[in-house]
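What follows is one structure encoded as structure tokens, with my remarks underneath.
The letters A, B, C and D name the chains in turn, as written, and every chain counts its residues from 1.
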Amino acid sequence: MPKDMTPTPSIFERRESAARSYCRGMPAVFTSASGSELKDSEGNCYIDFLAGCSSLNYGHNDPDMKAALIDHITSDGIAHGLDLHTEAKGAFLRALEDHILAPRGMDHRVMFTGPTGANAVEAAMKIARKVTGRSNIIAFTNGFHGVTMGALAATGNSYHRGGAGMDKAGVTRLPFDGYAEGVDSAALLEQMLGDPSGGIDAPAAILLETVQGEGGLNAASPEWVRRVAALAKEHGALLIIDDIQAGIGRTGTFFSFETMDVTPDIVTMAKSLSGFGLPMAMVLVRPEHDVFGPAEHNGTFRGNTHAFVTARVAIEKFWSDGRFQRELAEKSALLRDALQKVAALVPGARLKGRGLMQGVDVGSGELAGEICGRAYQMGLVIETSGNKDQVVKVLAPLTTPAATFRKGFDILLDATRDAMAQRVTLAAE
Amino acid sequence: MPKDMTPTPSIFERRESAARSYCRGMPAVFTSASGSELKDSEGNCYIDFLAGCSSLNYGHNDPDMKAALIDHITSDGIAHGLDLHTEAKGAFLRALEDHILAPRGMDHRVMFTGPTGANAVEAAMKIARKVTGRSNIIAFTNGFHGVTMGALAATGNSYHRGGAGMDKAGVTRLPFDGYAEGVDSAALLEQMLGDPSGGIDAPAAILLETVQGEGGLNAASPEWVRRVAALAKEHGALLIIDDIQAGIGRTGTFFSFETMDVTPDIVTMAKSLSGFGLPMAMVLVRPEHDVFGPAEHNGTFRGNTHAFVTARVAIEKFWSDGRFQRELAEKSALLRDALQKVAALVPGARLKGRGLMQGVDVGSGELAGEICGRAYQMGLVIETSGNKDQVVKVLAPLTTPAATFRKGFDILLDATRDAMAQRVTLAAE
Amino acid sequence: MPKDMTPTPSIFERRESAARSYCRGMPAVFTSASGSELKDSEGNCYIDFLAGCSSLNYGHNDPDMKAALIDHITSDGIAHGLDLHTEAKGAFLRALEDHILAPRGMDHRVMFTGPTGANAVEAAMKIARKVTGRSNIIAFTNGFHGVTMGALAATGNSYHRGGAGMDKAGVTRLPFDGYAEGVDSAALLEQMLGDPSGGIDAPAAILLETVQGEGGLNAASPEWVRRVAALAKEHGALLIIDDIQAGIGRTGTFFSFETMDVTPDIVTMAKSLSGFGLPMAMVLVRPEHDVFGPAEHNGTFRGNTHAFVTARVAIEKFWSDGRFQRELAEKSALLRDALQKVAALVPGARLKGRGLMQGVDVGSGELAGEICGRAYQMGLVIETSGNKDQVVKVLAPLTTPAATFRKGFDILLDATRDAMAQRVTLAAE
Amino acid sequence: MPKDMTPTPSIFERRESAARSYCRGMPAVFTSASGSELKDSEGNCYIDFLAGCSSLNYGHNDPDMKAALIDHITSDGIAHGLDLHTEAKGAFLRALEDHILAPRGMDHRVMFTGPTGANAVEAAMKIARKVTGRSNIIAFTNGFHGVTMGALAATGNSYHRGGAGMDKAGVTRLPFDGYAEGVDSAALLEQMLGDPSGGIDAPAAILLETVQGEGGLNAASPEWVRRVAALAKEHGALLIIDDIQAGIGRTGTFFSFETMDVTPDIVTMAKSLSGFGLPMAMVLVRPEHDVFGPAEHNGTFRGNTHAFVTARVAIEKFWSDGRFQRELAEKSALLRDALQKVAALVPGARLKGRGLMQGVDVGSGELAGEICGRAYQMGLVIETSGNKDQVVKVLAPLTTPAATFRKGFDILLDATRDAMAQRVTLAAE
């Protein structure tokens, strides 16, 4: 267990920008990690229920990816290849085609953007605008799509928006599924889009997450997504599904929308795409919308070759048959059961999310923060989510063994109990 | 030597987006690389005068970085750490402080952004706007700063700008040093900024590259940079130097502005920062301008730990004493001599650039393309630059051995000679 | 009655822009007018139920205003005075203070903008942004505020918006009162504004018409206006009521919001302000928000002195006691009765609007256009309104004598009957 | 002569917005005016060298226009006609065609916009954007085009720009003719427009005044205007000449560009267009660019019928033969001579402007203000201009009789002498 007072790592305080964040609440200096566990410089161990914000869906240092990567480096495999053809890229594309795209009947082309989710979103928005000749993109309350200027316009969070220091253009905001009590947000969208004086300019795209990971694990219903997809089509707009956090198995299937009977025109992927936590992003785009000319959207690191190596192994290992997906279904149920116990400790608490992307809305950011803080002290890395940070969010590696899962849940239950007990004590004083 | 007709790598054509670019003119499938040499899947060898567009300043797979990285991976070192403290990050920061910042008297803080140059530029622009409460940023003709919406506003290239599919805001364009004959562009900037009816809104920042790598190797004079820096200060604007392509030794010193007697408020770094070609970017910012709150600008991959490992080795190996910098001075002279020979073959050709970032303006994009195409056929990877692609640009690894350098130049001379001969032939027909 | 085929007025076709509009459906060449009646060059007479789109609330060429204006011109009174003090302006301001502002307890300052409604809206939006340091202004579905770029951003109509030829910035659109079935639009506004991830930037102002004149005579309930006013206050935004079409007695009181128990921070006025149809506009602004410096918002014609003369007479004649307002109440009832008869002829028709600003939603723009076209043929000038032009809108002069009113209604009933009969005939064929 | 201390007109202070401006330096309450002379409420007389900022080019209350207007009103002529055909509009259009457009070989269509210069500029910019499908409009240093959001983007003045409270979009700023010493601004424009990486997006229009009235009477050379016109054509952009202040005879011909051998695609007119100081504006547009649909750009007061009446008389009276234009040439010479005498009193002073739109740059706004302030005390209404208010600007009615002209100049000379004398005294103390 970590001690209470980790000695301040002075080089970070001295030289790292005040923009640093997670390290403030979790000040340990981490050294190594394996599977669902992390170690720090003082020998402490932590169970990881954050998984790099869903970038480590297969856990830390998966042995097969690790072996392949070491092998690649040892043999002087290309590390940086711009967008030149490389063996590693070819192998990744073949795996993606064979095990992911073809079986799902997806004819999408693959565009490797700069290796961040925000860059994929930027590219997706640009494509939609170029295809349609329109600039307006419809995004939703509590959506999170990144903090570069194009993506930030679509992000709802006012703290991040304020960081821009200027106005953001090209996005219209509408309520997400279930956002406002009694409001059928798809119907409202339909009415406003269809109204010649509705004041919503004809959209280039509708951009959504099926589960809003940062926004509080708000899960859209399949029906809502289908209605929105139909509206996009009707109005000549592209449907962009941002699957950066919800994709790569997180909701129980490779893509988060697989079971919804929609075909997005564009899908953005990043985070767990490389499988190993290495920077990698891509845009999947229907062939008819693949309109960028050579390097029209470019970037130095759009071919992170190390990531191609591990990403290929990840696909081959986890998605070449249905076993992994079946495991995810079981783990989702396990997670739900565990979270219900947590919720039972907090009056008014509600379960949020879907699949391996669930959490508990405990009603206040203060309480959620208190719970996560206590959990960290007990050796569990876990974070909050939501517009008021009111949701305790579990983003454990999908590969977490049942025993580790249970250990993590036990800590979470203890932390919640303690936080609630203190509340009672404080209230009584 | 590569053969004329590489068999089409069908997976790329079938599945990769039309946005792919370099691979069109250089269709080989590359497999491995070492130092300044690349190998393809057919066993062909190439000398690399492109170096990942200056992302491989220390060559491919530097043995010391390679060893350190393999060691890190083998021992389950953290691969993905969000912005948590890690041993690898701490060690990088210490190396940066000891060997780069402190010796140059720089008190800048380090902000790790999403690991692309564009992301660093986006963060820098946002910081300047937040600090000043102004939105206008002055950028220059032929500047290149990335293609995400914020950075793209500052990029001059119309092809990239067009890819946005919508208007870009927040940037005023002015002529770069030496842009227009007879125009003292610093004086013009001074007059327009100082004129209450000049129509240039008070700037948040002035953003420049000291050598415009994509824009045609236009090198600003130290005096011009100093005048612009003084104007920024006078008008309450921040000076941002985008050192993404020109930094990390490329012009002969670690930063491209070291010998200019200016202290930028913000410096953006990426490309060769990791030393190994791995995605990594950072913003250096004076402490008084380090205004972002925790995660106000964030990103999943802002702590690419593998890159920290190699970046530390790169600094320790090449910048802990003055030896490498002295070598760069010698190689710059060598490069200049060689390019003069190339220029001598093309009537009207002009040398461009500075340090190890030089090239020859051959007057037309067609000719420059012809030369690079022929060079590739003879086993030399080299690219054009400039607003009309009219500059043959040498971005060889800074570590290229003299013999390899010469071999590359011989090919370049041959390619130029052949291209000129064909021109004569065609003209005579 | 006008003949069927007015000879084409060739100079208009030859030289006037294709942007001309009303003259297409009503091609007569008008020569003179008095009260609620117009004459054309062929001697035809028309009853005016359009009143310059509510710019002639006191009818054409009111004899008292006319006498005062002729007197002013005859004695070489100032015609154009920039924003210098003039006797005429002083007298207008005194009348406004004595008979309008003071009795209503309004401490607002008067800013004379360029003499168009759009200019007043532009000034109002700029004031709100300057006061708050924010740029976002919330406007509503079906709002109409003008077609200059600032105002156009707030206008909902897509036809007008498209005329801009570029994107419009600084406005967020939300549903108006009663817009979408089952949606409490004030509650939705409250939730989105109060949500830190709602994606609606903190507003400088909320801008609304209490009755949307162009948008289809949608009348907001007093309660809704009060809730929106309270939200504006709570969020540090200014409440701007655009009373350009609904003000100056049109809804039954001088201001349209008088009976709603709200105090707008800013009110925009134009159209019938001069009383005589002369261009004149003003912004009423609470003293604490009167933040423009001298001429910071300016304009050559901001002191249309002829308009000051007639505007003063209008106030003194109609608003110095309660008689006129009582008449308006009676006429409103009369109008409602008459429109109910019209509505009874059209299955599914609905009454819209409030006061002397009422109409009938006949369900389709085609039918409404047909009715108005037939009315014109019978000597009644009347127009449609609404997002699909589906509302037959009565904007008769408020001074229309009862007999003329009845004559007009008779024509309208005939026109409606004929249009419906034709529909039946066509359907039967 | 006005007394030093006019009693404060309390109603203005009590109720008029702080945005009021000219009345601060000239606090008299004006009552009547005739020709080039004004009277105030205390019986003082003033010579008018401001002429409503060039809105009263034919002087105050011209007897012929006055008679026609009284006649129109007396006979219940239409006052407000929306954009319906009226006799008055038809007569104006015929006069414009016969005496202005046809003789100059101009096939332009006439669009009546809201009756302010800013509205004409807004319409012009929208047309150019709609025609070209581009949003960028090039405007120049020290240009003034109005303060509504679209026009304000093109206006250079930072005080007015700041009033917007938000960013302005869609305009690129470049140096005007002669702006920067040694800079050929047409050549710079050519280079930047022609450079694929120049960073200037393809323009919808180039917008300029041939003499910058507010910007300090900077007069473009005919050659520069021709080169800019050619560049516009070459780059597919429209040439918009804003002739609002410089047109209607002010520079010696009806249009300011008549002698320059250019045909603007669009001309904006306002100020003196009505002849009588009444609000009126129009856009002249080549038929092929007359792309607005019916009412796509609209406005309640776009048919100010009183203004049509006087505008027709103005054209018939002054422009049906060449006499008036010859007088203007003589008066221009007279003005130049007189201003040279003023300039001779101020070391370093320079003459600015062209035609009846000339002034003296006295080097400082303080001195120019002092001169105009003293002139007002002596009974001369005159104003400053320029980015630092450093130009004493004469905008006398074009019809000013020689004797009045001389009287005005005498006051100006005295005022200048006194101001200079005081300077010497102050410096000596």
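The working rule: a residue touches a chain if its C-beta (ideal position, glycine included) is under 8 Å from a C-beta of that chain, and two chains touch if they have at least 3 such contacts.
Because the structure is predicted, anything quoted here is derived from the model rather than measured.
Visitor: Which chains does chain A share as contact partners with chain D?
Guide: B, C
Visitor: Going by the touch criterion at the top, tell me which pair is linked by more C-beta contacts: B-C or A-B.
Guide: When A-B is set beside B-C, the one with more contacts is A-B.
Visitor: So which chain is the furthest away from chain B, centre to centre on CA atoms?
Guide: C
Visitor: Using mean C-alpha positions as chain centres, tell me how far chain A is from chain C in Å, no decimals.
Guide: 49
Visitor: Need the CA-centroid distance for the pair chain A / chain B, whole Å please.
Guide: 30
Visitor: Once you find the CA centre of chain B and the CA centre of chain C, what distance in Å lies between them?
Guide: Whole-Å distance between the two chain centres: 58.
Visitor: Can you tell me which residues of chain C touch two or more of the remaining chains?
Guide: 135, 159, 166-167, 169-170
Visitor: In the complex formed with chain B, which residues of chain A make contact?
Guide: So the residues of chain A touching chain B come out as 9, 11-12, 14-24, 26-34, 38, 41, 50, 52-53, 55-56, 60-61, 66, 69-70, 73-87, 89-90, 93-94, 96-97, 101, 109-112, 114-119, 122, 125-133, 135, 146-151, 153, 159-160, 162-167, 169-170, 204, 270-271, 276-279, 283, 285, 290-301, 304, 306.
Visitor: Quick one: which bits of chain B touch chain C in the complex? Just the residue numbers, please.
Guide: 166-167
Visitor: Where on chain D does chain B make contact in their complex?
Guide: Its residues touching chain B are 135-136, 139-144, 155-159, 161, 167, 169-170, 172-173, 175, 179-180, 182-184, 187-188, 191-192, 195-202, 215-216, 386-388.
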